[in-house]
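Okay, so chain A shows up in both of these, paired with chain B first and chain C after.
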Partner chain A sequence: MSLLEIKDLSVEFSSGENAVKAVSHVFFKVREGETLGIIGESGSGKSVIGLALLRLLPANANVSGTVFFQGQDLFSLRPSELRKIRGKRISLMPQNPAGALNPVLKNRLQIEEVFEERGIDKKEGMKKSLRLMKKLLLRDPEKLCDLYPHQLSGGMRQRLIACMSLSFEPELVIADEPTKGLDPEAKERAVELFTKIKHDYGKTMLLITHDLDLALEVCDRIAVMYAGEIVELDKASKVLNAPSHPYTKGLVRAQPRNGLVPLSGQSPSRISLPEGCFFHERCRYSSIECFRKHPEMKNHNGGWIRCHFQSFQ
Partner chain B sequence: MSLPILSVNELAMSFGTLEVFRNVSFSVDRGETLGLFGKSGSGKTTIGKCIVGLERPTGGEIRVQGANILDMGKKEFRKLRPKIQIIFQHPETSLDPRMKAFENLIEPLKLHSGLKQDALLKRGEELAELTGLRPEHLARYPIQLSGGEIQRIVLARIMALSPDFIVADEPTSMLDVSVQAQILRLMQKLQRETGVSYLLISHDLEVLRKVCHRIAYLDNGTITSIENIKRDVKR
Partner chain C sequence: MKYFIKRVGFMALTIFAVCALTFFLMNVIPGGTAKLVLKHTFVGLEESVTDEQLNQISDKYDLDDPLYLQFFRWIKEAVLRGDIGTSYVFKKPVLYLLALRLPATIQLAMVSMLIAMLAGVSLGIYSAIRENKISDHILRIVTLFGVSMPGFWVALLLILIFSLRLKLVPVTGYGSLENLLLPAAALSLHSVAAVMRVTRTSMLETLGQEYIRFAKAKGLPLWKIVSRHALKNAMLPVITVIGFQMGGLLGGTVVIEKIFAWPGIGSLLVDSISARDLPVVQGCVLAIVMMFLFVHFLVDMLYTHLDPRIRYG
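The block that comes next holds the complex of A and B.
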């Protein structure tokens, strides 16, 4: 059974008279123990999906569709029921660890707060956290607890956040852009960290990232997002080593080692999306059909793709 | 042989008793991109800040077309300053949040060019076009722009002053892979068109190898080697 199942998820943000379509008709399942990566450029709607699952979006967000977590519909839960799931059974490692920690509180207090909130003895919780911190590659955790967040490096802050989010042994971890702005050494350690969380703790993860190397190392399957919809979904190695969708091909070619070839143009406005395929204006393979008709998701060699491109028909 | 646009000789910097780097020497020719590679905390950013006068080194010299900027008076340096520019790592803090993108873009022109209002607006539009910005971007506040769009505004602002030399401090580390390629290719295009030189500071060796003519390696507080990547510097 799938641990998480998302059906026809759409998110619109109303701003004045206009509505910004952040996510359009997204479907996917995450099996137990699986790591599903969501990749795509900034503004493609990756993070919005993560926040929508936990109903953490601002009030002007109009969310439709259903999200089943172990068969339970998250969107129909009462706030009190949802609070029992948030942080405990599904936890979020937010983007930008520096912004997620309170700059004026020492790290210890922030770790304790996690337990206090749930009515668990602080000392017991702290003991558990220290063990976890040691396991998650943090040296000298006792000393680290007596420091402020700004005294830690980006990589250490990220591991601290990882510890806090694993405190209650959640069944699903949502990690949002965990390697943004980290240097290569810290990135390597992040790969190590996520591999550990996956293998040693057997966690199911939703890894939202634009770091293609991290996605390839850690994810089992990858969903590629463009302009709010999934355009390709398949095994990680297939998506990144032999991409099918022209957009994924473009992303891979933009990596320095693959030529640093930029995709031409920019993502479409999300207030008035183009007719036909959302990617056709930037696509080197586009034909008349791409201008006219919006492509549906199609099964393609065991994966899914949203493209009219001749060879897939 | 013409003078290098920038030469840094035996530069040293300490904060109190903490020595950040010493004996750092390199030069950059006109139209060249020199990469500066080093780990986090190795002092790369501090070197960049010294070059544009935002930090004062504790020793050594920084020569811009032969003249040591550390010997210059404030007035003299201020005259030179438009010609040496810097792009910062974090796009979100690079612009004035209270000004719209276009106002941010033309601010340096207002201060330095002496152009009249009409000419100023026209030049602003030219610069926006040069850096691939669309009119709808220009009417937005920085908070409404993506990281890549802000870096384009930053580049347009910088190009307004026709600089000879730009320190680019991790200009793409906060950007995603496709936008990174766009910005680096844009920087290369501007270099071909204007002959501007770059010191590209990065911890991403793959990026440096792809776009630099030479790479200087900073390790343990000093430059350990300089590697040639592309032979000829095209003007």
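The block that comes next holds the complex of A and C.
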């Protein structure tokens, strides 16, 4: 059964007369216990999806579509009902741990408040958090609680955030670019951390990242995003080892260990998206059809792909 | 501690500089001090003042000595014996006059400051939360008037409306709450508007931070997010402005006290300047400078309290 079901999700940001189409007509399902990765280059709209699910986008965002979480329509919930889901049943691991922790409040308070407004004992919750912190490779958690965020290292902050997001044992964790801005060593430990979360806790996760290594390591299925839409969705190993969509191919080839071949060109302006396939300007396989008609998502070898020429690839 | 000593040293230096400036500037103004002192002693008989009397006065107060010597003597008396001179006009120690007048000024300035902080900060928060709603626009227009209208004019308007037309409060007087209302309102209006605008801007900036979004993702209600996460962070620039406003308030009392015949050091200062009562002017300036420095010292101490990242070494 799918825990999360997203149908036709579109997000537009209005800025003056123009509307920036950040996400267009995205649909996917996340099954219980599964880790779904969303990959794509910066600005492809991955993070916006994560924030849109919890209705955390700024006021100028125009969100349409439906999101069902355990059969509940998240977009029609009243704010008080939404707060009961936020952090408790769906938690967000924000990108940029440095910015996500309030610099003027001690770590303890920021961990504790996860348990606020829940009708449960804060001290009990704190005990649980401390245990979790120990498990998540944080040494001396008690001492850590009495420090301010700026006194921690980047990796520690990330673990602390992971702790906050997991300590209520949410049914779904949205991890937004957890390896962004980490040095290689911290990155490796982040991969370790997420493997651990996945295996030890069996959490359902939506992992938003542009780190293909992390995605391959942790995800069961991967959705590839380009210019605000999903272009390929399939099993992780299939997407990253034998990609079908020309964009995914380019993305994989651009990795250092695969030859560091850059994709030429830039992704299209999101104010005026091209007619036809959004990728045709940069695609090696593009033909007249790609330029005229926008491709629909089609079934392909058990996965989904948005390309006119999937048949002979 | 080292910082504290350094800070006190700087304050002493500032006080010295201000005293020197006042002293020499007062002596640069044309018209001999002795002559003016006599004029105030013999009101209506100014023509009959003789040279002998002039010399007598000059001798009494050593007015014929070089300026630096007079200043040096004043400093010596002030530092060694805490005697900052005797009024030429009232023939009373300046300290006695200040002790008589200072409570009224402190009362007025503190009440105005309190109004400015309470009203300014809460209106600013309200305006930020309701950004671009009608109430926000109205508040911003009103504050535009607030910062644009000079205090003395507001004072006259208030007297005209509330005292003369509506006859709700007396025009002048001192001692009761209703006497305090108009001067405090006139004095604080500008500060309320200034503090509100800074609070709004600072609050909006803070509310856009990632840790606010993360706090929302934890499921906290808006009031907790504002009071716990945003307020402390947003207060730094506000506190700075409040500190500067305090200087403006102390300066503003000079005019406002004159209008409302408020028996504070502001009106004493104005009277002594026209009477060329140098010791009193000096004393008033000294008192104002010390209050100003004290407030700024408090502000700096508050910084470290608000933001743990700020430390004075």
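Here is the rule we go by: the second predicted complex is superposed on the first by the 305 of 313 C-alpha atoms of A that agree within 3 Å, B and C clash if a C-alpha of one lies under 4 Å from a C-alpha of the other, contacts with A are read in each partner's own complex, and residues count from 1 in each chain.
In this section, contacts are C-beta pairs under 8 Å (C-beta built on N, C-alpha and C of every residue); 3 or more make two chains touch, one makes a residue touch a chain.
Predicted model, so just to flag it, every value in this text is computed and none were measured.
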With chain A superposed, do chain B and chain C clash or fit?
-> fit
Tell me which partner A:Gly181 touches in the superposition: chain B (first), chain C (second), both or neither.
-> first
Which partner does A:Lys135 reach: the first (chain B), the second (chain C), both, or neither?
-> neither
Go through the superposed model and pick first if A:Leu212 touches only chain B, second if only chain C, both, or neither.
-> first
Touching A:Leu56 in the superposition: chain B (first), chain C (second), both, neither?
-> second
Identify the partner contact of A:Lys7: answer first if only chain B is touched, second if only chain C is, both if each is, neither if none is.
-> neither
In the overlay of the two complexes, what angle sits at the CA centre of chain A between those of chain B and chain C, given in steps of 10 degrees?
-> 70
Kindly classify A:Val261 by the partners it touches after superposition: chain B alone (first), chain C alone (second), both, or neither?
-> first
In the superposed arrangement, which partner chain does A:Ser91 touch: chain B (first), chain C (second), both, or neither?
-> second
Superposition-derived minimum Cα distance between chain C and chain B (Å) | 14
Return the residues of chain A at which the contacts from chain B and from chain C coincide.
-> none
Residues of chain A defined as touching chain C within the complex | 51, 54, 56, 58, 83-88, 91-92, 94, 96, 99-105, 109, 113-114, 116-118, 148, 150, 161, 164
Residue ranges of chain C touching chain A (in the complex, touch as defined) = 208-211, 213-221, 224, 228-229, 232-233, 306-309
Within the complex, which stretch of chain A touches chain B?
-> 41-43, 153-154, 180-181, 183-186, 210, 212, 250-251, 254-257, 260-263, 266, 269
Interfacial residue positions of chain B with respect to chain A in the complex | 39-40, 134, 136, 146-148, 173-182, 184-185, 203-207, 209-211
